[in-house]
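Shared between the two complexes below is chain A, which pairs with chain B and chain C, respectively.
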Partner chain A sequence: MSEMISVRIDDISCEVEKGTTILQACKSAGLRIPTLCYHPDLEVAGICRICVVEVEGMSGLQAACAFPIRQPITVRTNSPRIRRARRVNLDLILSEHYGDCYTCVRNGSCELQALAREYGVDRYRYPSTTAPKFRIDRSTAIVRDQNKCISCKRCIRTCIDLQQVSALETANRGHDVLIQTAFDKPISEVVCINCGQCINRCPTGALRSNMPNELLWHVIDDPEKHVIIQTAPSPRAAIGEEFGYEPGTSVTGKLNAALRRLGFDNVFDTNFAADLTIMEEGTELLTRLKKVLVDGDSSVRVPMFTSCSPGWVKYVEHYYPEYLDYLSTCKSPQQMFGALLKTYYAKKTGIDPEKMVVVALMPCVAKKFECNRPEMSDSGYKDVDFGLTTREMAVMIKEAGIHLKDMPDEDFDHPLGLGSGAGLIFGATGGVMEAAIRSVYEIVTGRPVPFKGLDVTPVRGMEGIRDAALTIENPLPEYQWLDGVTLKVAVAHGTANAKILMEKLKEGRLDYHFIEVMACPGGCLGGGGQPIPTSPEIRAARARAIYSEDHELTVRKSHENPEINQLYAEFLGKPLGQLSHKLLHTRYTPRGRFFTEGF
Partner chain B sequence: MKNEKKKILFGEFVTGAALTRALEMGPEAVVTEVKASNLRGRGGAGFPTGLKWELTAKQESDEKFVICNADEGEPGTFKDRLLLMEQPEKVLEGMAIAGVAIGAKQGFIYLRGEYVYLKKELEEAISSMEDRGFLGSRINGGDFSFSVEIRLGAGAYVCGEEFALISSMNGYRGEPRNKPPYPSEAGYRDKPTVVNNVETLCYIPYIVTKGAQWFKEHGTRASTGTKLFSVSGDVKHPGVYELELGITVNQLLAEVGGEGAKSVQVGGASGLNVAEKDFDQPICFEGLPPGGSIIVFGHQRDMLHVLKNFMEFFVEESCGQCTPCREGNYRLLEGVRMLEKGECSVRYLKELEALCDVMKDSSKCGLGQTSPNAFLSIVENFKTEILYR
Partner chain C sequence: MTAGIRAATDELQDVLRKFGKNRTDLLPILVEINRYFGHIDSNSIIEVSRYTGVPIGEIHGVITFYSFLGQKKRGRFVIRLCRTISCDMAGKDQIVRVLEKELGICFGETTDDGMFSLEYTNCIGMCNNPPAMLINDKAYGGLTPERVVEILDSFKLSEYQDMFGYGGVE
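Moving on, here comes the complex of A and B:
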């Protein structure tokens, strides 16, 4: 156990581990210190100077978030001197912030607004900024509004340290400091992977997703259009937070009811397409393994990486374009679903795909970019018309006057509305891997995975990189070539962790067969489109909601989903078949790190 | 240079003698001697040099570094430049002795970007000392090796702050860091590092050869030794002066031909503006903080104009990380512009003075903590002149 140090904070005496910050010590002592640039997921910056406290014996005020306790100290958290410094620093920030609160998506969830209320701000101490100075920068996924930026650098610490994408950096000095892309290019022309993690950590409305709400209302209100929504597993485990539920409350049934009342003509489950992904991706894995292990085909790449996360896909396209062959060719569940709706479902129901509008409710900002990729139109139409985030959907539900808490529980529409537990756990890091293992192992051996309650626990959890090994024994006759083979798999979440694996791959030291990567910390449940705030605790709670819902489902393996089997029987034929190839698989664009045409 | 009293720094010097002595004494004795001399950092902050060395020497690490802070950027200082030009071997020997004291094999001179023209001469001095066996591997045939490289700044004033300097050397934006940990624990490449000003290092060879007691004969009790002053402005004899710490402003003015001044900026833009009524104050760590810069203003000078000049400097040179410095300096400059136009109320001026206090109290580094000094002292000394124009 590490050394304990006694601290006196105001009237409270306590013992803390050496190296604990004053902020952490205050938190555990039940004292609240206001913060702004601090975020639990990020490196400490200590730059907003809102959390300043007095430390006896030190001349200036100290930032509580950045001060490690290394010897016994006496701290004061409330004095005229502290209140004045906090208030003046807050006033300085407010005077520079373009605070047009009504027109801001963060109205009500803005940390600066909350602090101003907490400190009783009733006037601008310094002449305030009245007109916006900067043009708004907009990509298909992300909107940057520098006028609202308060230079807390949370976005930079997210982009550079947490995600190691480095699309944003500080430019200029002093009062001219700006958060900028390389050479001040539009965000759409730099290495931004659209993960949106910066949005989740921005305290104000300087970063937000590109909301399609107005357009979407327009098609919903159009009686000619048949508007279908598919909902991913993570939004249902998080959208409740926007309506006063505790993090970790699943509201699947109520959300379905709300979406119908909102005006969607069909409500489908993306988990269905997740099961389909497992069928396709699992088959692709087995095909690749056979080519490598049996045929000795050196043109086939192993390990195979998952391709469900559009942030991760774009990350590889930018940073490791020479390794794109390692990605599974499977489209993400969202895109598979879109392609099927506008072909199979249109044919089955007689709905004109021209008049069909497919909306995807996603925890993700990058899904907006993904559905707008030019190659994502294999159905002959744009496969998915709108990618909508959890936050954006919450706004629409509120706008429609729907009280989520009062909604009855309703099921999805069928067919295409049945998703297995395996599809559901796609929402958590390790979920795709677990789902794949549940099916691939059983397809190969004819027996269920040797884990209690089908819970493949080694790939679960929040460790940045996790791995597992599973030896195949007594496989079915057609998989004899796998007898005695130990399948090695790994899971990484957050592109910084993925980078560690990719660097190993570069060095030829990556000894796995199959790797799941999700661009966002925690996987989709920590996606850039999820409710704000985010923290390790909130993400863990959402994961618990997803895993416990998996346990309640009767179908928990993708290959046992009857609607999937019906789909193959009626339409697709077999996994990796000709039609699957056309509709469910895709190709990637080597983009590189520098701007070129078609970036 | 006008100043015949070459007390210490421009006195007799034989390259290598002090280093040989330091190697004979051993690290602990060197640290003890420097501590005993009460030498305080000449970069402005005045941290006791011996203590800094002791803290770094105590750290266990496979690598340690000595950095000579030659990022002389305070408006009105040019004393380090003179030392680098005229006494490079003294600077380098001071660094090597610091290396002996803390157990470092590698030193760096972080040279102000605008001093790039000195780089060649410094490199020549380094190789000349290497050729003569005073730098490089196995100095004096013993186990001690010490080499020096030059790193160039790129024109940021804030990089004179030790952590911004280290950050810049590490390849990042030159921005100060939260302390603790201090550079003595985790500095360049996260290794224990001593950062000393050029002038500070130049006293070291003398302290080692002549002893702490001799050094303490100069200056005052709390501010031992002499100090270089870069004197500019409305004086007859601008230049670099080596004077005893504890000298009063009046004495200094008499020395440099600046009698009858309206006010004196002691310690550069981040120092204090001293008006005539305080000219009997001593310049030392217990009196007016002894930065290297002395700017003398004659009676024809418009003090608001002087203040504006300083504030424009800080607005430009703040690194822009922390709120009080980034926004505070800008608000102070805006206030000066309002004063110029006669649009600043007495009430708002009070608000700005309160802002100054908060900047001093809550800024992350020395830049923001000292930049309001000029504003506060000029407004206090010349309130009538500034408000009723």
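Moving on, here comes the complex of A and C:
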């Protein structure tokens, strides 16, 4: 127990742990301090000076977010001086911000707009910026509009500290400061992994995803096109937030109904493809292990890393291109599904794949980049036509006048609409690992995993890196070579944590067999396309929604999904078979950590 | 040409070898490269990134933060005139005119012979003796138009002595 210090804030007396900031103390005392550059996931910056308060005995106003309490103090959070200072700071920030609220995707979720409303701003007190100074920079996934940037550096702290990608930088100093990509190159040419975490944390509309909505409406309205949507588990656990539900409310059934009314011809479950991923990736893992442990094949790489997260894949392509062989060759569930829809499903239903449009509802901005990769066309067509984020889908549902809360609960279409609980938990960090353990252990030993209720709890949670070990005993005859082998696995989320593992791998100190990495903190449920805001509490709530939904399902292991078994029987043959190789596996591009196109 | 680049790269590696490879070594490395080559070009940034593991964006950010580090080639003598209040009130503008006229360049430019660069700086702590300027590491205070001409002449003279090797005054 650390030292407690008594604090008086306005009329409230309380005790706080030494080192608590005034902002945290106010929050625990039930007082609200306005903030702008502060974000619960990020290092404190103390830049915007919106959270200023008076501390008795100190002459200047203090930034509440950056003031650690070390001795008893008396704080005032509301005085003429404080209100004036906050208003002046806000007015100065507004004078630098260019852009109309009603043409902005963040209209309604903009923190600057909310502050302006809170402080009764009804005019620009200082000369406002009347013309754009910067060109809008867009990649397939991300759009940067520096005109709206207020230099709070949340994106910088996200990109450099939280994710350690460093695609963004702070150039210049003082008034001339600019938030830009390295050397101000187009964002498509720098080491951006498209994780979109900066978007989730940008208080304004300076960073946003590249919305395909208008094009998508065009396709939906075209009677010639057969438009199919697959939905990932994380958007279902989060899209409710855009419609007034508490974080952690899963709205799968209602969303299915809404999507049908929106005009999608089929609504499928990406969890189905997640189960397929487990079959392929699990088999790949066992194959690799056998080659290493039995055959002593030194060309095969272990540990094997998961490859479901396109942000993580691009991170490895940029920062660890010489380690690409360690990634599983499996495509992500989104891409596997697209490749199957335009081959297996097209053949089964007689729909011309040329007229088929596959949309993926994802929590992820990097999925847009992924579906546009040139190699992702193994079906003979573009496997997935659109990657749509949770936020973008919420806009479309609202635009169509659909009240999500009033929707009935509807099921997915079948086949390809049945996902197991194992596929569902892909949405949370540790989920792919848990799903893999549930299946691989049972395939090898013929017995279910030795965990109560199939909950592989050691790989769950929100710690940055978690690991677990599982000893194989009495395996089935064909897996005798694994008898007594202790399988060691690790889970990392956020590329900064993944980097720790990769550095260990570089030094030859990484003693695992299988590692799950998700580029975003919290896994997919904290993805860059998810509703704004995000915080550790919100992500934990979404994880709870996903895990409780898993408990409600009857099929909770990928290899027991009857539709998966049907798919192998009717079409693919066996995991890692010839057709699987063609449709479900991919290759990677070494990109390096400088520029994609040189200086 | 290729040989020249090769040589520059070798020299750069020699400079780098003098330092550690930690994040904290970044600034000393940049200061040294800037001193040695007169500027830090894109190639150097990439090499520093390779050496220290610090991403190029962050290195670029550090270089643009410090006005004494630059990506553009500067002259052999960088003249930095203080533009802050005390010097401004003590007749900075007059000094600006003399410097520009004597060197035939504007602020932000370098003379064609690569000898002098003109820049502004914020306060250099010479408020007791304004207006003031720095020439490389040396500070000159109490500037008057006459004194500026004298100072420039002394630099030009020493430079010609270096170049042509004839006897010096001192």
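As a convention for this text, the second predicted complex is superposed on the first by the 594 of 599 C-alpha atoms of A that agree within 3 Å, B and C clash if a C-alpha of one lies under 4 Å from a C-alpha of the other, contacts with A are read in each partner's own complex, and residues count from 1 in each chain.
Keep in mind that, in the parts below, a contact is a pair of C-beta atoms (placed from the backbone, for glycine too) under 8 Å apart; a residue touches a chain by one contact, two chains touch by 3 or more.
Small disclaimer: the values here were computed from a predicted structure and weren't measured.
Asker: Between chain B and chain C, positioned on chain A by superposition, is the outcome a clash or a fit?
Answerer: Overlaying the two complexes on chain A (C-alpha atoms) leaves chain C and chain B clashing.
Asker: Tell me which partner A:Val432 touches in the superposition: chain B (first), chain C (second), both or neither.
Answerer: neither
Asker: Report for A:Arg84: first if it touches chain B alone, second if chain C alone, otherwise both or neither.
Answerer: Once the two structures are laid over each other on A, A:Arg84 reaches chain B alone.
Asker: Between chain B (first) and chain C (second), which does A:Val357 come into contact with in this model arrangement: first, second, both, or neither?
Answerer: neither
Asker: Would you check which partner chain A:Ser166 touches, where first means chain B only, second means chain C only, and both and neither mean what they say?
Answerer: In the superposed model, A:Ser166 contacts chain C only, not chain B.
Asker: Taking the superposition as given, does A:Arg70 touch the first partner, chain B, the second, chain C, both, or neither?
Answerer: After superposing on A, A:Arg70 lies in contact with chain B but is clear of chain C.
Asker: Applying the touch criterion given at the start, work out whether A:Ile47 contacts chain B, chain C, both or neither, answering first, second, both or neither.
Answerer: First partner only.
Asker: Which region of chain B runs into chain C, 225-233, 243-251 or 315-323, after the two models are superposed?
Answerer: 225-233
Asker: Chain A residues touched by both chain B and chain C?
Answerer: 170, 172-173
Asker: Report the residues of chain A in contact with chain B in the complex, numbered from low to high.
Answerer: 44-50, 52, 60-61, 63, 66-68, 70, 81, 84-85, 88-89, 92-93, 95-96, 125-127, 151, 153, 170, 172-177
Asker: Which part of chain B faces chain A closely enough to touch in the complex?
Answerer: For this pair, the touching residues of chain B are 156, 158, 173, 178, 180-181, 314-324, 326-331, 334, 351, 354-355, 357-358, 360-364, 369.
Asker: Which stretch or stretches of chain A touch chain C in the complex?
Answerer: So the residues of chain A touching chain C come out as 160, 166-173, 181-183, 190-191, 593-594, 599.
Asker: Write out the stretch or stretches of chain C touching chain A in their complex.
Answerer: By the definition above, chain C touches chain A via 42, 46, 49, 55-58, 60-61, 64-65, 67.
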